[in-house]
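Only one structure is covered here, and it is reproduced in the block below.
Chain naming follows the written order as A, B and C, and within any one chain the residues start at number 1.
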Amino acid sequence: MSPTSIPMDHIRPKIERLRALRPALHDRDFLLTWQQSDETIAFALLAAEILQDLARAGLSARVFDTGLGVSIFRDKSTRTRYAFRSGCNLLGLMTEELEESSSQISHGETVRETAAMIGFLSEVVGIRDDMYLGEGHAFMREVAESLDESWREGVLVQRTAVINLQCDLDHPTQSLADLRHLIETFGGVEALRGKRLAMTWAHSPSYGKPLSVPQGVVALMARMGMDVVLAHPDGYELADEPLDAARRFAGASGGSFTVTHDMGEAFDKADIVYPKSWAPMAVMRERTRLLRARDTAKLADLEREALATNARHRGWECTDAMMSRTMGGRALYMHCLPADVTGVSCDAGEVSKSVFERARLDTYREAGHKPFVVAAMVLGTRFADPAGVLADVLERATPRRRG
Amino acid sequence: MSPTSIPMDHIRPKIERLRALRPALHDRDFLLTWQQSDETIAFALLAAEILQDLARAGLSARVFDTGLGVSIFRDKSTRTRYAFRSGCNLLGLMTEELEESSSQISHGETVRETAAMIGFLSEVVGIRDDMYLGEGHAFMREVAESLDESWREGVLVQRTAVINLQCDLDHPTQSLADLRHLIETFGGVEALRGKRLAMTWAHSPSYGKPLSVPQGVVALMARMGMDVVLAHPDGYELADEPLDAARRFAGASGGSFTVTHDMGEAFDKADIVYPKSWAPMAVMRERTRLLRARDTAKLADLEREALATNARHRGWECTDAMMSRTMGGRALYMHCLPADVTGVSCDAGEVSKSVFERARLDTYREAGHKPFVVAAMVLGTRFADPAGVLADVLERATPRRRG
Amino acid sequence: MSPTSIPMDHIRPKIERLRALRPALHDRDFLLTWQQSDETIAFALLAAEILQDLARAGLSARVFDTGLGVSIFRDKSTRTRYAFRSGCNLLGLMTEELEESSSQISHGETVRETAAMIGFLSEVVGIRDDMYLGEGHAFMREVAESLDESWREGVLVQRTAVINLQCDLDHPTQSLADLRHLIETFGGVEALRGKRLAMTWAHSPSYGKPLSVPQGVVALMARMGMDVVLAHPDGYELADEPLDAARRFAGASGGSFTVTHDMGEAFDKADIVYPKSWAPMAVMRERTRLLRARDTAKLADLEREALATNARHRGWECTDAMMSRTMGGRALYMHCLPADVTGVSCDAGEVSKSVFERARLDTYREAGHKPFVVAAMVLGTRFADPAGVLADVLERATPRRRG
């Protein structure tokens, strides 16, 4: 759709629908989707959609005259880093990144301290911490509690919000962007009921990929009334908390959540497939231990063993043959990117070149929702009446470019 | 105080008081507090207070439509880096950091050149250069003189201001934030007259900490009519220039400035204590020489010796026993952070866990003044009539968040 | 000229002249000057002039309410990095830099992908890629084509523009800043007709300097009706494409383009001299091969040989004696900076201390045009009616600083 093809009359009713929702986000954090209420999830989805509409209409969504969004990346990131920065910029926040090499945020006492230091005039702190099992989410909570204390005690002029940019448990900006993509593709959230989504492990010549994407996806999609099938080889189990959430949500939503050890079985009649590599939890635990001990020799051993284990599952590749088993042979292919494409970025990876090439632009569209999801989270955590704020934005109708 | 609890009527009279001051800052630099006039110091304090009031009132202090603040950090920084960025953002400036690894700013001819290059469209250049005794301040002056020349010759469209973010002699954004904290705590600058402040060395298991914090603190506080006591072990003397300034100011202000080699004596009846480690000047000089010669072997020797020397003064710790000697046993504890807390961040440090824990939130409040001090300096150096600018800001009453 | 000395009446007629031009830039890229039409070049020059006038008049040229400018630097940069950031800031764009160490932009499939990822909400992507002969321009075209595809397919909400911040073939922000400097110095573009410009190689104790500055300068200046002489020792030839362009343009403009192997001959009666070191193309090709093979041993050999070759041409220095051969003994000295100044930044370099010192402030002025050239390119690529946009800016007359 071209930038100017979204009329304002198209956006207004969405803002009215947003107004009817009661998200529980103001002056809080966005850490795990399964701890958020249904209305909060609905809010994030609809606000992201409205913000995207405004961008396509060429309208500025600047709601901060000044302000900062601070990010802390404890792991590499291109897409999410860009999404955080552009999502903040969309609303008028300047961004900066805290380089931990020049701080002491990582241990003990100083988490509380640094949280206060970077919170003084900041609206949000976005954090990626997905390297250590059992730690990323705990770190984010510690930052959040420190901000709470400093806000309560009058140290901060505002309750800076923490936004999870991927932890060991969940990757909410990814799973909500994925869900936005499904909504756009299938024509609404109601259209997703009863759709079969196969979240499957896939082979990769690398190891140590986080578990948070599949965990976040199954927990969120089961909640939408979908039939979610999780498939992985024996030994590649995911954490209990998100799987329990997926089961609970599936029961409540009328969807289902099942687990299989057969990729093809998961693909059978699937409407959507999400084949993606992740590390065995035991490997991640051992890696956490060795990284902490800085035992480089044993880390090299672990990598060698893990790659050998991965290699035993080369058949877990999303090929044309595999795709032919899906609904009508043409399930929607999803990936959080970058994908390990066989013959392109590696010799034997998650997906064949022909499958990926057909889906390529679609995966870009999927990723393109992320900046708006981030912006929706900022809006929800910072404003008591986000729908009113967006109504004002629409009324003002300031062009993003004055041209 | 909560964000909305500052009424505009509370701010207006402060702006009127600001209007009566004649700071000598416009199109100049902020390098050393003792080279600034009393009215300039008074201006920086009051402007910082007004800017904090505006932030607490939720009002935008955006006074630049576009513009850049450039920073050069020649040493690690978390707090001051954040303070510079958030102080600039508060006024509407975008910030960027010059990475010297990708430039040639450090030697000879090219200081003049790089000053021009980064000055073209920049409002301020903030510099931290505290590693080398005798060099940080000299470097800042060289940048300032180069900007002068380029401005005079029409190369720059404005006289970009240099702001000292810590040099070998002074740390004015720290000492002014400290003073703002004292003013808030004791209820006004007049209430500080006759108060006893103990600026004392304290033990640390690290070496090479800059001398500029104690130097800046004694020079500034003696000027406020306080009874300033400097305490340190023999061999940990500070530079002459700030101590001479402290003596001179104490004479003029009716305060006093004394030096002792006994921590307990300094703490006796103190209203305020500031126990903080720094390196012996001789060690800093030798370190400068060895760093320059890249003599890693001798640097390791020096570190070993310096730590052994430090260890001889383990008794210089701010403990409960030490605190009990202060006025009413409850002096205000100050620190520029991060502190070396015994049993928390080190085995034996500057302060005991129980003393620090009681003071912790207060030290955050102390640090929280820094972004506003930076913004006050920017305001004073860039505007001929900063009080008028703030009056306009108050009149406009644009909310920082449109919500 | 002082900031306030530019009256608005002085700017208005320039905008009217701009309105008459038909640049071919909107929703396109700025990669090579010789692929741009005469009207596009005239537009970039005049728009940069108007933007500089507005800055000197203290007026804000903010035309974006929000928006991003992304940069990718595959080589060191101080001046151009600052120019990109300040040029973007001048128009209201926030900037961010893509660190490739945390991405996979460099190879194969993923260029397309990363182009989409960083393009979602970005107005421009500025790229420096000058290390590898035959690659920089190819990489920029690949990014541009990927952006085209994503825009066409509705993945992006806008056609993000690519701006060449130096490639293996051209350095358009430099050559256009150089041309702006000539126009200011000689009093208009018409005054440049028939002027003799000596673009000559000069000795340097470093190797591997890109060829794109001399290539860009000869191609652009020959187009302005100047008599361009290129001089270099045997073996230091430049690429064919820009030299062919220089010849073609010289024919069309009534200027000339000649090549000599004698520095003094080039300087004879020259109105402008541009003595600057660059690497022999054969060395650059071999270096590209060795860098790719990560053959550090052979790279060291190559450097040693290249420096020895350079040393054979120590006579290629811009000395007072050399300058005395120029028109009236006082040709305009130009350099893209930093220059290798004999006795200042090296023992034997491109230019003597006395020549450089006389020209120093002038080279700063030359560099000072670059931020405005970048801004002109952003304006031209992002707006269908850039003259109308600037007319609005002038009409609004918003001060850059509200003081």
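One rule holds in what follows: contacts are C-beta pairs under 8 Å (C-beta built on N, C-alpha and C of every residue); 3 or more make two chains touch, one makes a residue touch a chain.
What you see is a predicted model, and the numbers here were worked out from it, not measured in a lab.
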Size of the rotation, in steps of 5 degrees, that lays the CA trace of subunit B over subunit C: 120
Same or different residue numbers at the subunit A/subunit B copy interface, by half rule: different
Separation of subunit A from subunit B, taking each centre as the mean of its C-alpha atoms, in whole Å: 40
In subunit B, residues with contacts to at least two other chains: 94
Complex contacts: residues of subunit C adjacent to subunit B: 1-3, 52, 55-56, 60-62, 73, 76-79, 81-83, 85-86, 89-92, 94-95, 337-338, 341, 344-345, 360-361, 364-365, 367-368, 371, 398-403
Interface residues, subunit C side, partner subunit A - complex: 63-68, 70, 94, 96, 98, 102-105, 107-110, 112-114, 116-118, 120-123, 149-150, 153-158, 382-386, 388-389, 392
